[in-house]
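Chain IDs A, B, C, D, E and F follow the sequence of writing; residue 1 opens each chain.
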């Protein structure tokens, strides 16, 4: 049924390259099969106006695609003069998800700018963006610790995301573009390393789905995200122990 | 715990006034407590360019708030010169949800424009919009049947929506604004009359939630939507039987 | 000649509902026949930059229509990304008219935001807006007096507006949409309770008019506005005496 | 009282230069004292979409100021990315006024583009624009007659405009900028050569005016416009008789 | 070969009128044949944010055309809501060129706004703009000296510009529109009074050019600019000696 | 003098990776030292409106930078809602340059869309874009030949670009960002494989340059471009002979 002989539970080949671009504080190239996203995290030493003077940080995400990331060329949003609804939804999702695992008080009055730029698209660009952005964010926050600007890494837990769906009546994980366009139900799940949900977004475009289908999809997502967590752990190297430390400190309180 | 002595399962007082504005083909004023939304459905005898010549219809939704629908005045989006991300997400959601229960082929090459204008806001404006818009759409489609332009009402099932959330550790339904701003988890559920899911959107803003909490919220939503379906049935009057007929025809095939 | 058997001097049925929306400081639903406008007045405790530090207040008006206020659906100005010339003209007119009867020095460094949202249109929406907005403004300013923020109601006189025109050679008052579209001359008159002019805007679209016609229209308008003043007096209740007091104080100086 | 020793009835020095710019079909530089406006009329052989196929023409006006037409530099509207409300009001006024004296059916399916560009401003720019634009339009329409594209000049009457106002309690005509900024009432009158009104726009900015003041201002305007008509007659040269002929043909019918 | 019998080295008739508009600190109408540009220079007593507190001034240029400066009417950039790439390139060029001969430190924390408005276009509008703007700038800076705000005229050298090109294989100077549209190579040269280059912009649109052609064009430009310098010297009158003084002071250091 | 011990004539390390992104017809990652640009060429089977029906093709270029391509994060142009003047100048330059070596008649009614996206910037992004885009264009045009849509590769000659400048009085080639920001003169040269100029753009930002300096810079550029041509030849593989063939056919005519 799947177009690349994957089983329903199989993720595509995942590659993660850190320190990809030299200027950003954190920079990752993440690949899920043919989907390739550059995730850059930048630190700015001030917060947006609505947060000033509260001693708390903020995370803002932006998402874009190169015009030829897709099979037919898309008009640049800068040429159109406005950002589409789809782009806005995705960048709001990425920002919200990251904010759920970063300790914004410990971050202090700083803004993390997260840029996810899709250079090649083949389905699952928003979930790849979240998964890669988490790694870039850990690296960027690490530079703050290294420079002594903050004492501990303000990362409360891992964060990863995956797409699931229903295709020809069967629940599958990590849909490529071709599968996605044939699927009846399309769902994006964001979870923490502890297995808690951060976002659950399921949509039956011109279709509906049952409680049973929902449950199966949530299980598939949960397993996939456990796998992604292991890949993230490798990619953040020595910072992994800082995340464990954070949890322990929390448990002791 | 709830600020108006409601129990966790209680909906607010719901009022539905049909034929509210004289010009639109379908027009409803829907109230969930202090949330008041005018839902107008308009029919246009052509479809957007990407659908032309396919013999299929389309549904587009727009959502807006009056500047003083809220406690402090909001800048008009027309003055800002652009629509916010929040508005875009909501109008994409409303349109997608309605398209899941309308038979677009039977509608023919027509566009249904659905306008949801919040004149007073107190939480749950997007779910009230969907619930009211469904009624306006049935009325608008009814005028097509009455004029003999289409033979049967192209409505496959009821469609309603409700918000659920976790407040102080407890799952509750139909959150007012004050509850919503204190809640850890915020979820919007759209379901059909048959109890199938159309959209499941759960977000832990700077928080997360467990599988157990998710299940409880889905159950609360399911009960609430059964109640809303009854209110919709009243409001669409004689068209209720047309929806039953549609389902029967489907079952026989 | 008139499509609803009115005589040339007859106003349509006028309804005024105060405290219509709960959040704004002043809120009115005003109806002239089938024309329905929500007029909300909001108080902000600062003035635009060009007035800062002068101890003087300001009034800004915004005007909009719901897409289906009219017989065929209008594109939302927020979707277009800009406000039309017609809307700008109307909101400049409403603001200017209100400023002529409000004592801006007595108001102090505050801005009154006046939002006129037409939910159903049948001609005369700008004059209904001014007439209703005056009432909303009095209510909003009343809350400032009630809270002891200003000592006296800073309202110098009543303010109302009406449309007049020439239809089939005859001068008529309060044109509905159908009459307006057939009329040769279209005129909007704004007057104070004392019968002074605030705005006189007469236009012969692809037509012209004589001095005699102008004089007759001004008389019709003057009578209509006396009637509207009585309706406003009822709607502002006890604040009516505060307006009389203001005039007396002025006369004594 | 007046800052240049003019009497209340006196117009400023008026200069009219025709064929000012070489490319447009009609081009006029008009000066009222220190107010200088380039009025260009262009002919396009098609009409806007809403008029297509009706055999009728259209007139569209645009108005702008050079950034240093005024004492302090204004930001260019092209830099701001939008046209102000004031500009929109003025260009709508110019277009509407011109359409009242041009026989749009006789013009045929053509658009007259009228550009009024203020190169130096000292009050009365919109009335100077209308007065100058009329001349440019006659010249442009004359080229159509000369080329045999239309048989007769489709100009039904002269059209000119002037400002009047109330300054220190006295009614005056043709206000310069300094007078305008001190005036209590500001009025713009557009009239035909026959002395009929086309537009009457009177505004009491933070002030009001009586019926008596209105009448005096209208008389002042009427006299001034008779004078302007004579200046226009000179400037259109041999086309003056074509306007007389049009009126005669009309009277005979 | 040239359409007005000019020789390859001949400039068109040049006219320069100073004090053209009354409000700006410096105002020039410059004509190169049928190309006519109003160049206004305005002084503002502050600098853009990126320069604040550095004790240094800035020069910003804006360039525009009247809609009928050209043979067919152009849409106004204010109507389009954005400035074209061509306009941006030209205004960046004008500002950059002027900044190369003005002593920005001596100017102090002030901005010179230079507005070049083409009222009639026949080729070479950008080079005419630079040549005329230089004169307007000298006049504007002169008012600062006259008022005692700065001690010496902060003008380091003359600045003028000319177009050169290759037409039918021959290098020519000061191309009119008709020549420009037939030319294979189009080049704009900006030079100082001392004969140094400030900008060299050569373009072979769908063509290329050799080193030899480039050299010949540069020589033609150099001669033309010497001529323009003489015309500028006349137009700036007594300020000419101030420029010589500046150079001497520099040489002595 | 140079910050990486290069001699004045030395280019940085150049890397060219073809077939970089899978969707575009031609795709190249080009690196000049730390400057990295993705150049994608796409073919669309129609031309812009101004060229329709002329049997001729067109080339349009777009240029952008990722927000963190630079040392400090840049605001996305899509967020700003408009493209900056710098971006417009660069994309106009790239398009114009490519059009000078492509035989647009032989291309037929097709548009080549060239997207240059800088993922890491360190000076010379526009010249790297042109050099890389040429290769992507050859690959894209090659697919048209391979599919039999056109008979011969419509490439008339090689095209490459390089920056030169004057730093501390010495002429140097291929400036990195740090050198560029210290340089007095900044020049970009585009040349063909035959050594003809296509674009010469030299700017003395707050400085000027002499004829002698100009000549030296042109020579440096010429040598560098010969080197770049060799690298391009390798990267286009078998298509190199098609370019030679084109020239021979031309010479024989």
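The criterion applied here is as follows: contacts are C-beta pairs under 8 Å (C-beta built on N, C-alpha and C of every residue); 3 or more make two chains touch, one makes a residue touch a chain.
It should be emphasised that the depicted structure is a prediction, and the values quoted were computed from it without experimental measurement.
The set of chains in contact with chain B as well as chain C is empty. Minimum number of contact steps separating chain C from chain E: 2.
Interface residue usage between chain C and chain D, two copies of one sequence, is largely shared: over half of the residue numbers at the contact are used by both copies. Ranking every chain by how far its Cα centroid lies from the centroid of chain F, the top place goes to C. Chain C and chain F have CA centres that are 61 Å apart. Taking the mean of the C-alpha atoms as each chain's centre, chain D and chain E sit 35 Å apart. Mean C-alpha positions place chain E and chain F at a centre distance of 29 Å. One simple way to say how far apart two chains are is to compare their mean CA positions; for chain A and chain C this gives 52 Å.
Those residues of chain F in touch with two or more other chains are numbered 81-82.
Beginning with chain C and continuing to chain D, the ring of touching chains reads C, D, E, F, A, B.
The residues of chain C lying in touch with chain D in their complex are 82, 85-86, 88-89, 91-92, 96, 99-100, 104, 187, 192, 194, 196-211, 214, 218.
Those residues of chain B that touch chain C in the shared complex are 21-24, 27, 34, 38, 40, 42, 44, 62, 64, 66-71, 73, 76-83, 87, 113, 115, 117, 119-120.
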